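Consider the two complexes below, in which chain A is the common component and chain B and chain C are the respective partners.
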Partner chain A sequence: MQSLLIIASDEWRYWSRSKLGAAAAILAFILICVSVFATTNQVAAEKETREALQLKAEEIFRSQPDRHPHRMVHYGHYVFRTPAPLAKLDPGVDPYTGTAIFLEGHRQNSATFSASYDGAQAGPFARLTPALAYQLLVPLILIIVGFGAVSREREAETDRQLVTSGVTPVEIWGGKTIALAALAALLLIPMLFGVALSGGAPAVSAAFLGSYIIYLLIWILMISGASAWCKRPSTALLVLLSAWIALSVLAPRMVASAANIAIPSASQIEADMDVLVALREVGDGHNANDPAFARLRANLLEQYDVETVEELPINFRGMVAKTSEEQLTAILNEYAEKRMTQQVAQTDFVRALSFFSPFIALQSASMTAAGTDIRTHHRFLREAEAARYEFVQGLNDAHVEKLSYADDLNRNTSKEAWRKARVSSENWRVLQDFRFSPDTASERISRMGLTVGVLFGWALVMGGIGFIGARRLSEVKNG
Partner chain B sequence: MDNIIRELRFSLRDPVVALTLLVGVLLSAFTVFSGLKEVDTERAQIERVKQMVDDDRTYALADQSDAGGAAYYAFHFTYAPPSDLAFAARGVRDDLPWKHRIRMLALEGQIYETDAGNPELSRIGKFDFAFFAAFLLPLLMILLLHDLKAAEVRNNRWAFLSATGGDGGRLLLSRAVLRAILLFACIITPFLAGVIVSTASLMSAVVVCAVIGLNLAFWLVLSLFTTSRIQSGPTAAALLLGAWFTLTVALPVGGKLMVEQSVPVPMGGEILLTQREAVNDAWDLPREATLKPFYERHPEWANAEPVSEGFDWYWYYAFQQVGDQTVESMSEALRDGVAERDKAMAMIALTSPPLLVDRVMSQLAMTDIAAFQSYDQCVRDFHAALRAFHYPMLFGGKEYSAEAMKELPTFRPCASNS
Partner chain C sequence: MTEIALKADSLSVSRGRVPVLSDITFDVSVGEVFALLGGNGAGKSTTLLTFLGFLPPRSGSVTVLNKPVTQNVEFVRQKSAYLPEAANLYPHLNARENIKYFLSLAKVPRSASDIEAALDEVSLATEARGRRLSSYSKGMRQKVAISLAILRQAPVLFLDEPTSGLDPVAIDEFNQLITKLSAAGTTVLMVTHDVYGACQIAGRVGLLKAGSLVGVFEAPEGGQISPEEVHRAFAEGA
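Take a look at the complex of A and B:
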């Protein structure tokens, strides 16, 4: 045990002497700090803005003057997705989805204004979130610092001296691994602070942090393992660098391309057009004379035992609006679900291939823990849709019950009639408060199962390879 | 000549070189293939959606009896078709909108709609030829060149070379250049095949080759310079990696932060909200409040129609336009801001060869911010043409008829996008 620590501290001394490793580590540390600081502040500010906008939108809606209820259906309302605490470290899909939805009658709008709309385009690596810094950069820094850990000693044959002084090759490998792990731990400090200050639930914060620790452990074991297997540092570097490019840069992009090709998803406009065709059969809710509503009319006349719609105790136009909204929403939801299912299938395709790359596994685990994955976004869309349907139908109820059919019909005949065709602004209280919160901690943790399992598997395999490499080292020496 | 062939054989027998070249050609082919496929998909999609929207418009117009209803129900499909070179550089096409379904309501409420794909896939990033040639190529160069001199020294050939050939440095230089040329050939061949398949212009293909060549030359010079100073291969590689990291990560991260701090843009959400408020408030305002700013913009209709009491289409469309007018300055500021940010990024890109290659390629492929903005303008022009077509029927008393609707403008992609 003691010899392990001596070897580890010796390695640290070596790094601090070789300016290159130290410079790389310091540069990375600064970059990580900047990224944690900038992203945390930005997301926190976003959260505040969105919460304020949500309150404002609700207040504005409820303070509208007396109006025709259908005017309010089109006036609409905004809902905002407030980011979860850990989004400060991994904003996930947030910058790509848009964060506000406009809710109105007859339509399901998509989330608007993603952050990429007006952002400066600075290449593929410019959006350096803390998550990406740890997923992509820290492994590279560890490689630069650690690729020669064992192979350097082998090339210079200093390992023989160590072995003759009673240290086993496995201990050399173990000591170097510990040295690298200590460096990784040091680099993890900014994230530790970020997580602690984010205010996330303890269990899910631990799972989040834990997945990063296993991930870095994979790289540490890969580096010390490659270093033990390779006779020369240059070969070790070649192997590690190739692995980094293949696993962290190429694999995710190729898998994403493959997912797009394997599971094609319709564009929003195409889906909208499909909906439009399906809606033709439902009829236009603005036009009570649309033949599609003949059945409704007949049923109502029979139900209330009257001859004409004018005699109905309720507002027939309101009933048409309400019924058509109901039918239309069923169709809209059917297509929206179809689209979401496609997207989840694509995401699951990527997740299934995370066996090939710990980078993919960690990205997915991290977003899930942070509550910034696509499933959470879909839940936001569903909740927004439920809110939309509720207030629209609430307004339609007011239309049915509180506005007389005659007033409604005559609204365009004179200024006086125009003013008469209104209901009291009291009715705008049908609008419920909308507060979006991420899934519960246990739900998120249970969704991380597969990807964390993959990470553990990688760590085990890498540890095994490194251990065998180190054992082999001793056989070579003895033999 | 014999020397070149000997060096060629020597290089290809080195497993690291052979493997790197193989990986280079395979990846290049993959990006070109998937890029071509993506462009095909987009073109097919455009055809399909265009047909759907056209059919829908014909269907909807058949039922209409007045100009207001016709304008309300007639949707138009606007789009920016992918250029012939778009297979090589996706640019901002996955992030910013290039297709819309537009009608004659307030445009500001429609034009920001982004029809993006799966956000989790967008987040991972694209793997197109431009990404490969701009950002990955340097890494392959580092793998090929960092060890050139160190390997000779290690194998005790360096002393021999210097002693017999007289000039070992020249030999290494020609070896490095040869490897760079081999790598260049491996990468460019699939691209040229893509150019032939897509019938992209030869001129832009030549420019692409030139910028990629310059990128290679930059890394070649940097590698040679580093390896001439640093004896140890791994140290040289680490330094080169540091340079790569600085140019492709640190510099863009810093540059983006700086540009976004120094060039503010209005919040897009604010434009939508303001515009919507303006349109909705108009229902409750006296009509004069809406018509006054409208007539200021369109004095030609000022004494066209008396203001009637109930609902009237012309009033409805007047306040749609006034809604746009309310946010005109914000919307312009947003567009100017985006353009200015892009201009500032262009300056920053001058300091990083990979960024520059990426920019030049998306510029040639018309998938950059400028192309997006020209599409945006194209949609605005088309929307203005729609208004110019409908307004005489709404405000000028021109008779509405199915015959007159045959003159309805149809969208054509703007020249710079085709």
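Take a look at the complex of A and C:
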């Protein structure tokens, strides 16, 4: 063990004296600190803003004066997804999916206010999140600093000097691996602070941090392993940079393309057109005379044993609105579920292929732990839709029960009639408070199982390859 | 009776599929300087690397301090100091740091004054000792490597072309040092192209040609091996 630490500390001395390595490590550290600080503050500010906006939206809705209930259905209401604590480190799909939905009758609006629009012109790296920094940048820095850790000894034949000093080849590799691990640990400090200050549940925070530790361990073992296998540092650098490009840049895109081919999904326009066609089958909820509601009319007349809708003890127009909402919501939900099922299937397809790349495995594990994955977003959409349906139907109930059919029908005949066709603003209390929170820690951790397993598998394989490479160290070149 | 420190017995070694050493036998007594001479590809470095356990014998055996190398690699390396041709030390460290580093790995504790004394012994200029080895000449690096060997107090010293690239003064200083170490009981096996240098310090000189030991020359009592004789034998293929 002592030899390992001596070798590791000498490697640090080498890096500190090699301007390139030291500069790269310092630059990366600063960049990560800035990224953690900036993203944490930004997400914290967004959280505060969204919470405030949510309260404001609820207050505005409930403080509306007496109105016709259907006006309130169209007045609508906003719900906001407040980010989970660990979203400060990995915003996941949030910047792309939108974080607020305008809820109104007869429609399921898409989530809006996605941060990606803000940085679209600067490209995908406009927002260097801590997650992206650790997934892409840190492995690259470790490669730049550590590619020659073992192969440098081999090229200069100092490995033999070390071996004749009583150090085993595996100890040389082990010492270099420890040096790289110490550097990675240093670079992980900003994330450690970020996690500690995020306020996330301890178990899921540990799982989040743990997945990054395993991921960086994979790269450390890959770097020291490649360095042990390659006789020249330049070859090791080439191998490692190729691996970085293949695993972190190409593989995720290839797997995503494969997912799109394997599980094709309709474009938004196609999906919207399909929904529109399906909705045409449902009658117009604003028109009580729409033939689509003839059956409803007949049923109600029969139920209340009356001849005309005017004789009904309830507002037929309200019933039409309520029934129409129920029918179109069923259709909208069917298409929304179909779309979400496809998205989840694509995500699961990508996750299943994560054994091709630790980057894919970590990305999935990280977003799941942070509560910023597509499933969490879908839950937000479902909860928002449930809230929408509940308040719209609550207003339709007020329309049915608290506004007479006659007043409703005559509302445009005079100012007085218009004033009469209102219900009390007390009815706006049908709107429930909307507070979105991510899945429980245990649910998120259980969803991380596969990807964390993949990461462990990669670490074991890389460790094995490095160990075998180390045993070849100080072998005499033949020829 | 003279104690044997190093022994190659019917040793044959291949590098890859290429046979390099064929059935060579020799031994080196404790405190003796034995030089192996030969042209390029004769198998000199291969012999050293086999003694150090970096190459396995195809047949035959090598022993260091009476222990078979293949079964006692760690022991052999613990008891040996190895000076490769390029004096492979770290260019990012200075002389003192290099020595401290390798001594700490070899678990040989030495004080700062011991290190200075060893550097004095090899006549490395005091002002150079704090400079990184990247600014050293080959001779200076060689001196640091020898200081390390002195400090390790290894009973066996393996030298690979130790004087190649050194100026005549440095060669002289080096030869004196080796003679001194030998007199102190260190066994030295060196491989070299330098016939005159080898004859000056070695008690015996072995001549390797195409992987075979074709002759061994012994210094007369109180004298030196004749370089002309070795040269002639070398030219004639022994």
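In this section, the second predicted complex is superposed on the first by the 470 of 479 C-alpha atoms of A that agree within 3 Å, B and C clash if a C-alpha of one lies under 4 Å from a C-alpha of the other, contacts with A are read in each partner's own complex, and residues count from 1 in each chain.
To be clear about the criterion, contacts are C-beta pairs under 8 Å (C-beta built on N, C-alpha and C of every residue); 3 or more make two chains touch, one makes a residue touch a chain.
Here the structure is a predicted model, which means the values were calculated and not measured.
By the touch criterion stated above, A:461 is placed in contact with neither chain B nor chain C.
Legend: residue contacts after superposition of the two complexes on their common chain; A:234 is shown touching chain B, with no touch to chain C.
Once the two complexes are laid over each other on the shared chain, residue contacts for A:253 go to chain B alone; chain C is not touched. For chain A, the partner touching the most residues, choosing from chain B and chain C, is B. Residue contacts after overlaying the shared chain place A:22 against neither chain B nor chain C. Contacts of A:158 after superposition on the shared chain: chain C is touched, whereas chain B is not. By the touch criterion defined above, A:374 lies against chain B but remains apart from chain C after alignment on the C-alpha atoms of chain A.
Once the two complexes are laid over each other on the shared chain, residue contacts for A:347 go to chain B alone; chain C is not touched.
In the three-chain superposition model, chain A touches both chain B and chain C at residues 18. Here chain B touches chain A in the complex through residues 16, 27, 30, 34, 37-38, 41, 45, 48-49, 52-53, 56, 59, 77, 92, 95-96, 99-101, 112-127, 131, 134-136, 139, 142-143, 146-147, 150-151, 154, 233-235, 237-239, 241-242, 245, 248-250, 252-253, 255-257, 259-260, 263, 265, 267-269, 272-273, 276, 280, 283-284, 309-311, 334, 337-338, 341-342, 344-345, 348, 354-355, 358, 368-369, going by the rule given at the top. Across the complex, chain C meets chain A through its residues 15-16, 18, 49, 52, 54-55, 74, 77-78, 80-82, 84, 86, 88-90, 92-93, 101-102, 104-107. Taken in their complex, chain A has these residues touching chain B: 18, 20-21, 23-24, 27, 31, 34-35, 38, 53, 65, 67, 71, 74-76, 78, 92-93, 95-98, 100, 102, 110, 112-114, 116-128, 137, 140, 144, 147-148, 232-234, 237-238, 241-242, 245, 249-250, 252-257, 259-261, 264-265, 267-270, 272-273, 276-277, 280, 343, 346-347, 350, 363, 367, 373-374, 377, 411-415, 417-418.
Across the complex, chain C is touched by residues 2-3, 6-7, 10, 13-14, 17-18, 156-158, 160-168, 474-476, 478-479 of chain A.
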